[in-house]
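What follows are several structures.
Presented sequentially are two complexes of chain A, the first with chain B as partner and the second with chain C.
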Partner chain A sequence: MPRRSFIKKPPDTKSVVLLALVAAVLLVTYIVKPGSFTAGNANQILLVISYLGIMGVGVSFLLISGGIDFAAAAHATCSMLVFTEVTRIAPALPAIIPFLAALAFGALAGAVNAALVEGLSMTSFIATIGMASVWNGVVMWYTKGGTLALANDSIIGLTMAKIGRTPVPWVFVFVAALLAVYSTVLNRTRFGRSVLMIGGNAGAARLAGLNPAKIRTMLYINTGALSAVCGVVFLSLSRAFVPKGLTQNTPELTALTATILGGVSFMGGAGKLSGAFLGIILIQVLSYALQILSLPLWIVTVVNGLLLLIALLTDAIAAKGRYALKSKSHAPKAEQTEM
Partner chain B sequence: MEYLEFRNVGKAFPGVVALDGVSFTARAGKVVALLGENGAGKSTLLKILSADIKADTGKVVLSGKELSFSSTAQAINAGISVIYQERQLIPAMSVMENVFIGELPVKNGLVDFNRLFLDTKAIIDKFGLPIDPEATVMSLPVAYQQMVEIMKAYRRDCLVIAFDEPTAPLTDTEIDILFNIIRQLKEAGKIIIYVSHRIREIFQITDEIAVLKDGRLVKTLTTPETDQQELISAMVGRDIGDTYASLDRNGEPGSVVLEVDNLCTDAVDNVSFTLRAGEIVGFAGLVGAGRTEVARAIFGADRILSGEIRLGGGSVRFKTPRDAIKAGIALCPEDRKEQGLVLWASIRDNICMPVLHKLKKLIFLDGAAQDRLTQAAVEKYSIRTPSLWKRALELSGGNQQKVILGRWTSDEVATRVLILDEPTKGIDIGTKAEIYQLVCDFAKRGVGVIFISSELTEVINVADRIIVMHNGHITGEVARQDATEEKVLSLAMLS
Partner chain C sequence: MKKKLPLAGALRSKAFTLVVLLVILVALFTVLASVNNTRFFTARTFIGILSDLAVPSFLAIGAGCLIVSGNIDLSQASVGAMAGVILAVGISWWQIPWWGAIVLAIAASAAAGLLNAVIVNELGIAPFVTTLAISSVIKGITMLLSTDPGNILVSSIAFTTPATDAIAAASFGDIPATAIVMVAAFIVYGLMLAKTKLGKSIYLIGCNRVAARLSGLGEKKISYFLFINCSALGGVSGVILSLRSKQGTMLALQSDQFTGVTAAILGGISFSGGSGGMGGAFMGLLVIKTFNKGMMIADSNTYLTFVLSGVLLIAALTMDYVSVRRQRKRAGA
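So, the complex of A and B:
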């Protein structure tokens, strides 16, 4: 009886390359500045990877389905504001209540994106950039640009807690678990396979009875909710609501770059969440290394831009053939369909 | 006994009647061929069957029940599968997931990949194919990709399976595999519709033949009781109107302007011909015969593998269409909307496009000169429009074609060779006649015209000489005086 050949999967070169790059960056940093390998630095990097990773999981899941969300950072910022304000109004409540409020806001904001893109057929690219601007404007209006203090320190501990004496924060473990759950959904459930299918060829998927608009709507909402979680983690780190604290670093672009670096196709239909996560690790380690090596900020900015271009280039190369079914048979003299 | 019946099905598109009261029945366990020239209405009929478009009149009945679907997905669920040439697959995903798309087996909430593998393997074995269920679809040769599409229909247990030109991308061995599978489906009692214009295959695989012409059902025949001659005469034999007789032609072609010697590209094999100034050379053949590809190669749009092209005696090989245009070659592509026009731009912009560099005052465009040029073209070709600024997409197909022709006629473009690819496709009869005369006018001015058309009547009556292609080769050449539709069709079909 024939069996599935589970081991026959092609080697995941992309992940190997990413890991090698991370190792190379660490090695160079260690050689140039051995003193920088401290528990404190490790903790800092892991914390940044954590909140970016949460956003990255949402963004890459959506990207695989063929959608895109440029409003993720704006959603996260607004969610932080919701959390801050709920805490201010009712400081006695346990932190879970403002958290749920932030989560609800994120999901709602995601639903707005879905309504624009899937309901009104707007281009996701532009519609979500537009919504990002709207939400950022709302934050500016509400806060008048000022920092808001947290009414209590109920969530400070969220990012303070570490595993024993290691520099690994518990929130990182949470993100790793989140990644595992979402990876399983993508790779092993019918819903996850449908996400890949609608990203790969929405027309064919629709003809097969799948509902791309409905699936993408769920993913927009999911991205919004995860952005809210990302925001709460960031709030715990910054210990106060700073209107541009998150958006000034354009984490939505970082998440997107990392996602594509990790092998998720910009056009949808292909990719792994673990690859996206590795991409985030690489970008963070690299940018931290550049800072430790005291390179000026402009170099960091240029490097980030180049990374995005490299990621898109590898995606463009990989995409050849993925979307166009080969029109030629292996026989050279076959008739061609007319242009 | 299950059956599929088309009852008086009609469909009109703006300016064209695609189907006119077509009625015929396909029975279970039989393969029915839909035969007809390009534009006869075969594809429209399939699209109505798959609920891709709605018929204006008539109905489709499956075993006594009238079919009415609001989406193609509904048609599939009702057991109707149309396998188009454009395969509806997800290239980056595995064969097994493509076959079971929409209904992946699940165990404990997770996809049961083991069962998926085994179930797919069972179907593959039944078909006798060497396909790995876990291979991605994009790694398969085209024939097997098509098999995956068929397996999908088979897995859904569709009662009706329609094939649209399934053998076009296949080699002979691959065709044998396909035919074996069709025979299996037939024995399983499926209703099979087979669209093709390859007569040899129709005799190999079908039981009945429905011949369509100009949207009408001409005849239904039982395959073993007919022959090639009967089929061909059923497909052709339309009335030749006075249109052609009254064309004002160019009597005397000049010297040779274009010579093509042993041209080879990916899709064209050893094509040689000459074209004289003031001569109209028709290219006949079936869709996919390589006519468009010859044009594209000359125009610098496709890579030339070997061979020589001489323009006015000098050897040329254009790297880009831009070079070809500069040398005086103009191409009106088959797909007006995608490749011919900038749809949202004005008539003026579309007509002036290739000569903008000549319509300048210092560094700015000379608006008055553009107006003059456009006005001249609009009058010359009687393009029916209230203003030069109307956008191309608001024009009818015929007027769009005139705009494209107008682009190549101004004094600013010295067109020496004009290549027309299906210039009258989707255009009403009246405008067709105007376009024929415009083509003759080009010839009278000494332009060499290559006239590619899949409409036999048209190509043998407009062109001075007709070159016939099949499968990338030239299979023959006929002068207009000797040309009959039967003669040309035989060359195009019977290799």
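So, the complex of A and C:
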């Protein structure tokens, strides 16, 4: 096996651009409102990045394989409900039991998505929107739209704990570790390469002996489970179960935007999880900055849309670059396939 | 030519499955309603369904034509909300005549469609995400429009003029005029797709874009037309909703973001383009709205409707899968 040289690798321009953008936003905010750089604000941003990041890892891994999950927020909400109800029925149990119940639910919901998309070959987009409507409906039906209190407040400490006196919450460390693990799986293992390959060309991957349906099924289940974790972290933040608390901000779309911003191709087959995570950081820092600068809501909404458009544009340009490189090296082949 | 036959058969069976589903739904709700001491099977219910159909039907027509050509537009509902707000703001704040406000609302919607078309066709970005991004931009513009001179975001802007009230209330017998316009629109667009050269070109583009370009169909021009058409029709549905409720609100049509697309898909317009028609889209919409109305009459717990409308979508997709597979088997045998 040839050893990879890490030094010779060309610098990842996309990540550099994203980091520069984050820095620029922070700089502008600092110049306009220096007083806003408090430990409290930093803590808030990091917490939001944490729960979005957990969902983002799942969503982008799936997107790289060519699947899509619009039900991630609904899964998270329903998992929150499972957690809340298990603690209500048995408040004496340690928090790990309701957590495992929520995780199991998330995985199950992911498996349902996989069964619909891979088993019954439905369009992933429409099937997961349908399932999102089912799970959100279950939540509304069960709670009648009302807020449920947490019977056991042990979970609140989960997001309260910080590293020493810094504003960095331990949850953020956990998310960073999660990201590292998933990135390693994607970039350094056989499984990760299979994921990239089925996303790039499912037909070729099947001919090469891979089983795209099986791999995507695993990833749908993984997305469901990670959504459940995201839900539990969000529950710990909100300290009560609010039926529309998570879904009203459409975090599944935010995760998707961030993922594409970070260079994961919308068509699958390319991308890095760290890029997706940087995308989430950029979106959150920007939206928090817009709030701090007390700009009207319409600007925030327009900027969110423009950001996604810019992300798509750079994705399209990058894809064109890839195509140009490919067609240069295999010019005759490219012509043949076009005919 | 041999390959076309099973496809046509599958489509026929799809319309058939929808009719079966509709009959089952009507029977089910008739029984459920009688258990709850209300009545479902009445003329009033069906006129109500027909009237409910008018707003989403324009979404479904626009989305349907676009999906046949292999594209998609998710900004339609936001564009509709913007059109409704422009109508309300135009009449009550800017003091322009009602017809001017309607023209302005539809023109702004069409402009949004043009924007989608430019980004998709000239920059080559996937329509799915392009329109998602534009949807957010349009939502922001709608908020800007609903901000009054005192810098306060107004969630609903009321307006009233004798002419707009008359349009909203117009009816022939018991059937509202908007429902008749809707049926006419379905027929016109249905004929356009099925019988004209333009319609055939749209199917061809949906089936095979490259082949369509090579045969000189002007696929780009048609794509522009379909995007603008889709947004303009979204604007029409927003205007109708606004006329009926006598107010414009930035929250309008929010629950209908996927109704048009869902109805089209339910009705057999394939996501990958090149198949389906307006009749199917109408049937799909009819099934969705009959279901919603039935749930409202038969059961007071509206929250259950959320669950079951998702289940309905999944069930319809499953039926579709089963029928397509059966057709394929028959074709193979």
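Definition applied: the second predicted complex is superposed on the first by the 313 of 339 C-alpha atoms of A that agree within 3 Å, B and C clash if a C-alpha of one lies under 4 Å from a C-alpha of the other, contacts with A are read in each partner's own complex, and residues count from 1 in each chain.
Just so we're on the same page, a residue touches a chain if its C-beta (ideal position, glycine included) is under 8 Å from a C-beta of that chain, and two chains touch if they have at least 3 such contacts.
Treat the numbers as computed from the prediction; the structure is a model and nothing was measured.
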Could you tell me if A:Thr189 is touching chain B, chain C, both of them or neither one (first, second, both, neither)?
first
According to the stated criteria, A:Ala127 is in contact with first (chain B), second (chain C), both, or neither; which is it?
second
Is A:Ala101 touching the first partner chain B, the second partner chain C, both, or neither of them?
neither
Taking the superposition on A as described, I'd like to know which of chain B and chain C A:Gly209 touches: first, second, both or neither.
first
Answer with first, second, both or neither: which of chain B and chain C does A:Ile260 touch in the superposed model?
second
What residues of chain A sit close enough to touch chain B in their complex?
1-5, 8, 184, 188-190, 192-193, 196-197, 200-201, 203-210, 269-270, 321-339
How about chain C: which of its residues touch chain A in the complex?
119, 123-126, 128-130, 132-144, 147, 151, 153, 258, 261-262, 265, 271, 301, 303-311, 313-314, 317-318, 321
Inside the complex, what are the residues of chain B that reach chain A?
72-73, 76-77, 85, 87-93, 97, 101-104, 106, 109-111, 113-114, 117-118, 121, 134, 137-138, 141-143, 145, 152, 168-171, 174, 266-267, 269, 287-290, 292-293, 296, 333-335, 471-472
Per the touch rule above, chain A residues touching chain C in the complex are 116, 120-123, 125-127, 129-138, 140-141, 144-145, 253, 256-257, 260, 266-267, 296-306, 308-309, 312-313, 315-316, 320
